[in-house]
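One chain, chain A, appears in both complexes that follow, with chain B as partner in the first and chain C in the second.
Take a look at the complex of A and B:
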C-alpha cells in the first residue's frame, strides 16, 4: 500500500473513531442511527467471514448458521431464563465458538468447493432442525422484550465491532495469525513447517463463529422477533461474503468498508430506484467476481488506476 | 403393502432427481464449475413450459424440446460471455459468480412473473394406472423414463460423437486438448449449454408435478449437488445412481420419521458423504 492512501485511510479511521461514539448524541436522525446499526451488524459478520474465508482461505457459504445460532441463544436465554441482554450476548458468542469447533472438526478437513457446499448444507440443516425442535418455538418464531432505547444497540454493536478489529489486529501479528495465513497460502507447506493446521483452522473458524453469533444476538434483540427463515436465510451468508470480497477479503478494513458501501447503495436503491434494486445484489456479485476479485482496498492501493486493472483478472483467467 | 408403494414413489422421485442432476454433474465434471445457478436454470425451464402451456396451450411433453433449446442458448451465452472470463480463477470466484447469477436470475424472474405459486396442469396430470395396491402416476413415470433415456443419450453423445469426444478431452486436460486443436472456450460453452438444456427439461417436468415460484431454485441446486456428489463426480451414470439413492432415502425417511424430516435427511446425507467418501458411490477412491 502506498504512502498517500495509507495516510488517507488513517485519517478516515481517526475521524470515524472520533465521531462514531457521539453520533447518536448529536442526534442526526433515528433513520441514520438505524442505518448505522445495520451497517455495524453486517460489518461484524463480514469481518467474521473474512477470518475464515479471507485470511484462512476456507470460503464458508454457511456462516449464517452462527448468526442464527447467536440470535436463538440470545433470545432463549432472555425469554426462558430472564438473563440480561449483555450476558446473553456473551453466552451466544461462546455458543457460536463452540458450535464452530464441533462442526469444524469434520468439515474443515474438506477443501475448496467441498467445504463451501458442506457449510451451505449445514446452514440449511440448522434451519430445518430449528423449525422442528419444540423449545425454539418451531416455525412460529420467538418474540423478545422491547428495549427501551436504540442507543443500546448502537453502542453494543460499535463496541463489538471495535473489539473485533482490535482483536484481529493483535491475532494477525502473532503466532496464530501467521499460522492462519500460512494455511491459506499453502496448507501442506504449513504442515511441513510444523504448524498444527487442524488447530489453526479450528481456531479461525471459532473466532468467526464467536463474533458472528454476537451479531446475531444483537440483531435478535434489536428486531424483537426472530424465526428460522429470517435468521437462517442463506442470503445473509451471501451478503457477508460479497461485503468482505467487495471491500477486500484478507484485509482488516476491507469488510467494514464493503459493509458500509453495500448497505448504503442497497438502502439508496431500494428507496429511490426500486426496479434497479432488484438487480443490485446479483449484479454486484457478478461484476465483483469478474472485475474486482481483490476488492476496493486493493484497487485504491494501486499507484495508478486504469482500465487495465479491471481486465487484468480476465486476461489471466479466461479460456 | 404401503412399504412397496413408498419404494415405488421413491424410485420415481429418484428418476426426477437424476434428471435434475445430470446437467450439474456434466458441467462440474468438465468445467470444474459448481453451478450454483443450476436451480435458477431449472426454474427458467419450469416457467418456459408453464407459459407455453398457459398462453399457447402447448402440451408440456411437446414443449420439452423448446425448453431444452431455450435453456441451451441461454446457457451457451452465459458461459461464453460471463463464466469463461474467470473460469481458471480460484474455485471460490466461480462459486461466487454463479451464486451472483442465481440471485440475479431469481430476482429478475420475480419482478417479471411475481412470486405467486403456479403449476402447469394438463388434463392428465393427476392420472395414473394401478395394479394391486400400487398406483403409478403417468407424469412421474414419464419423467423417470425421460431421465433414463437422457442419461443413455448423453452417454452415447459423449462416447461416439466428435463434439462429445472434445468435451471429454477438455475435461481431462485443457492444455493437451488445445494442442489437439480443440477450441476450449467453445467446448466449455457447449458443455454449459447442454447442462442448462438438461436443467430446462428437468424444470419442465417439475412444473407439471409441483407448484413453481421464482424462488424454487435454491433447494434444487442443493439437491442436484447432493445427487451429483453421492453418485460420483465425473461418472456418466453417477447422477442416476445418486438420484435413485436420494429419492429412496428421502421417501422412506419421511414415511417412517415424518415429512418434515425430508430436508434434514437430504442434508445429513450430503454432510456424511462429504466426510466419509467425497468421491461418491461410483467414484474412484483416490484423492
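Take a look at the complex of A and C:
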C-alpha cells in the first residue's frame, strides 16, 4: 500500500471513529440509525465470514448457523432465564464458538467444495432441529421484550464491531495469524512447518462463530421477534460472503466497507427501482467478480488506477 | 552416529506396493543422496518419513525415538525439515513473511516474533535471497523459489533436512550454486541432509553416500563411485550410456 492511499484510509478511519459514537445524538432521522445498526450487524457477520473464508481459505456457506444460534441463545436466555441482554450476548458468543468447535472437528477436515457443501447442510439441519424441539418455540418463533431505546443496539453493535476489528488485528500479527494464513496459502507446506493445521482451522472457525453469534444476538433483541426461517435463512450466509468478497476478503477493513456499500446500494436500488433492483444488484456482483476480484479495498493499494488495472485483474483470474 | 533410520519400511497403496522393506540410515552430519527412476518410491519414502503417509509396516527411528505415523507438524517440531518437489510458496506473502511463518513454528514453537524475524532474515541471507526479501514469490525465478523453499526449511532450525529435487529445473550454473549452498548450510547449521536428485553431477558432487531405489526396493547403498559401478544400478537407472561416458 502506498503512502497516499494509506493516508486516505487512515483519514477515513479517523473520521468514522470520531463520528460514529456521536452519530445517534446528532442524527436527523431514526431511519439512519436503523440503517447503521443493520450495516454494523452485517459488518460483524461479513468480518466473521472473512476470518474463516478470507483468511483461512475455507469458504463457509453455512455461517448463518452461528447467527441463528446466537439469536436463539440470546432470546431463550432473556425470556426463559431473565438474564440481561449483555450477559445473554456473551453466552450466545461462547455458544457460537463452542458450536464452531463441535462442527469444525468433522467438517474442517474437508477441502474446498466439500467443505462448502457440508457447511451449507449444517444451517438447514439447525433450522430443522429448531423447528422441532419444544423449548425453542418451534415454528411459532419467539417474541423478545422490547428495548426502551434503539441507541442500545447502535452502541452494542458499534462496540462489538470495533472489538472484533481490534481483536482480529492483534490475532493476525501473532503466531495464530501466521498459521491461519499459511493454511490458506498451502496446507501441506504449513503442516511441514510445524503448524497444527487442524487446531488453527478450528480456532479460526471458533472466532468466526463467536462474533457471528453476537451479531445474531443483537439482531434478535433488536427485531423483537425471531423464528427459524428468518434467522437460519441461507441468504444471510450468501450476503456475508458477497459483502466480504465485494469489500475485499482477506483484508481487515474490506468486509466492513463491503457491508456498508452493499447495504446502501440494496437500500437505494430497492427504493428507486422497486422491480428492477435485483437486476442491478446481481449485475454489480458479476462485474465485481470480473473486474475487482480482490475487492474494493484493493483499489486503495494501487499506485495508479487505469484501464490496465482492470485488464490485469481480468487476466489474473482467468482459466 | 545415526540420527535417523528406517527399518523395513513398507508402503502399500491398494494393490500397489510403493515401498518394500526399505532400510535406510542417515548419520549425523552426513549428506545422503537418493536416486532411482521415476515412480521408484523416492518421494513416497520422504512422505512416509515426514508423516504425510503412515507406513503400512516398518518403523522410522529419529534420535532413538519411534516417529512412524506421527503427524507432519509433530515431526517438524522434532527438528525435521523438508522441501517439496513442487515448490509450495505462500503466494500472497512476501519472502520474509514466508520464512517468518516457518521460524514462528518448527522446532522453536514458543519463539517471540522479533526473534523469529531475526531467524527468518538469517535464513534468507544464508540462501542468498536477502535483496528480495520484500518480494512476493510471483516475482521470483524458479531457482529463487527453490532457494525460498530451502530458506523456509532451515528457518525451522532443523537437525535433519530432506530435500526433494531441490535442483530440478535449474540451469548448470544455478545447479552449481545450489550445490555449494547445500554444502554451506550443512557446515554452518550442523545439518544432516537427505536429498532426492536426478542430476547425476549433483549426486556425485555432494553426496557422502548414495542409495538407489527401484520399484520400491533398495537395490544399492554405498559410496557414490561404488554405487555408479553397480550392475543393477546401471541396468535399472543409469543406463549403458552413463557407463560408456564414464569409461570414455
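The rule is simple: the second predicted complex is superposed on the first by the 310 of 319 C-alpha atoms of A that agree within 3 Å, B and C clash if a C-alpha of one lies under 4 Å from a C-alpha of the other, contacts with A are read in each partner's own complex, and residues count from 1 in each chain.
To be clear about the criterion, a residue touches a chain if its C-beta (ideal position, glycine included) is under 8 Å from a C-beta of that chain, and two chains touch if they have at least 3 such contacts.
All values derive from a computational prediction rather than experimental measurement.
Colleague: Following the overlay on chain A, give me a clash-or-fit verdict for chain B and chain C.
Modeller: fit
Colleague: Based on the superposed arrangement, let me know which partner A:189 touches: chain B (first), chain C (second), both, or neither?
Modeller: second
Colleague: Quick test of understanding: once the structures are aligned on A, what is the angle at the Cα centre of chain A formed with chain B and chain C, as a multiple of 10 degrees?
Modeller: 80
Colleague: If you count the residues of chain A that each partner touches, which comes out higher, chain B or chain C?
Modeller: So, of the two partners, B touches more residues of chain A.
Colleague: Does chain B (first) or chain C (second) touch A:197, or do both, or does neither?
Modeller: second
Colleague: Once chain A of both complexes is superposed, is A:31 in touch with chain B (first), chain C (second), both, or neither?
Modeller: A:31: touches no partner chain.
Colleague: In the superposed arrangement, does A:135 touch chain B (first), chain C (second), both or neither?
Modeller: neither
Colleague: Check the residue A:307 against both partner chains and state whether it touches chain B (first), chain C (second), both, or neither.
Modeller: After superposition on chain A, A:307 lies in contact with neither partner.
Colleague: Return first, second, both or neither, reflecting whether A:122 touches chain B, chain C, both chains, or no partner chain.
Modeller: Touch partner of A:122: chain B, not chain C.
Colleague: Which partner does A:181 contact after superposing on A: first (chain B), second (chain C), both, neither?
Modeller: Second partner only.
Colleague: Please give the nearest C-alpha separation between chain B and chain C in the three-chain superposition, to the whole Å.
Modeller: Least C-alpha distance: 9 Å.
Colleague: Residue by residue on chain A, keep only those touching chain B in one complex and chain C in the other, then list them.
Modeller: In chain A, no position sits in both the chain B and chain C interfaces.
Colleague: Within the complex, which stretch of chain C touches chain A?
Modeller: For chain C paired with chain A, touching residues are 50-52, 71-73, 76-77, 81-82, 84, 88-93, 97, 100-102, 104-107, 109, 113, 152, 156.
Colleague: Inside the complex, what are the residues of chain A that reach chain B?
Modeller: Against chain B, the touching part of chain A is residues 53, 59, 61, 106-107, 109-110, 112-114, 116-118, 120-122, 124-125, 128-129, 131-132, 234-235, 238, 241-242, 245, 275, 278-279, 281-286, 288-290, 293, 313-314, 316-319.
Colleague: So in the complex, which bits of chain A are touching chain C?
Modeller: Residue list for chain A touching chain C: 173-175, 178-179, 181-182, 184-186, 188-197, 250.
Colleague: Could you pull out which chain B residues touch chain A in their complex?
Modeller: Per the touch definition, chain B meets chain A at residues 34, 82, 84-89, 91-97, 99-108, 110-111, 174, 184-185, 188, 218, 222, 225-226, 229, 260-261, 263-264, 267-268, 270-271, 274-275, 278.
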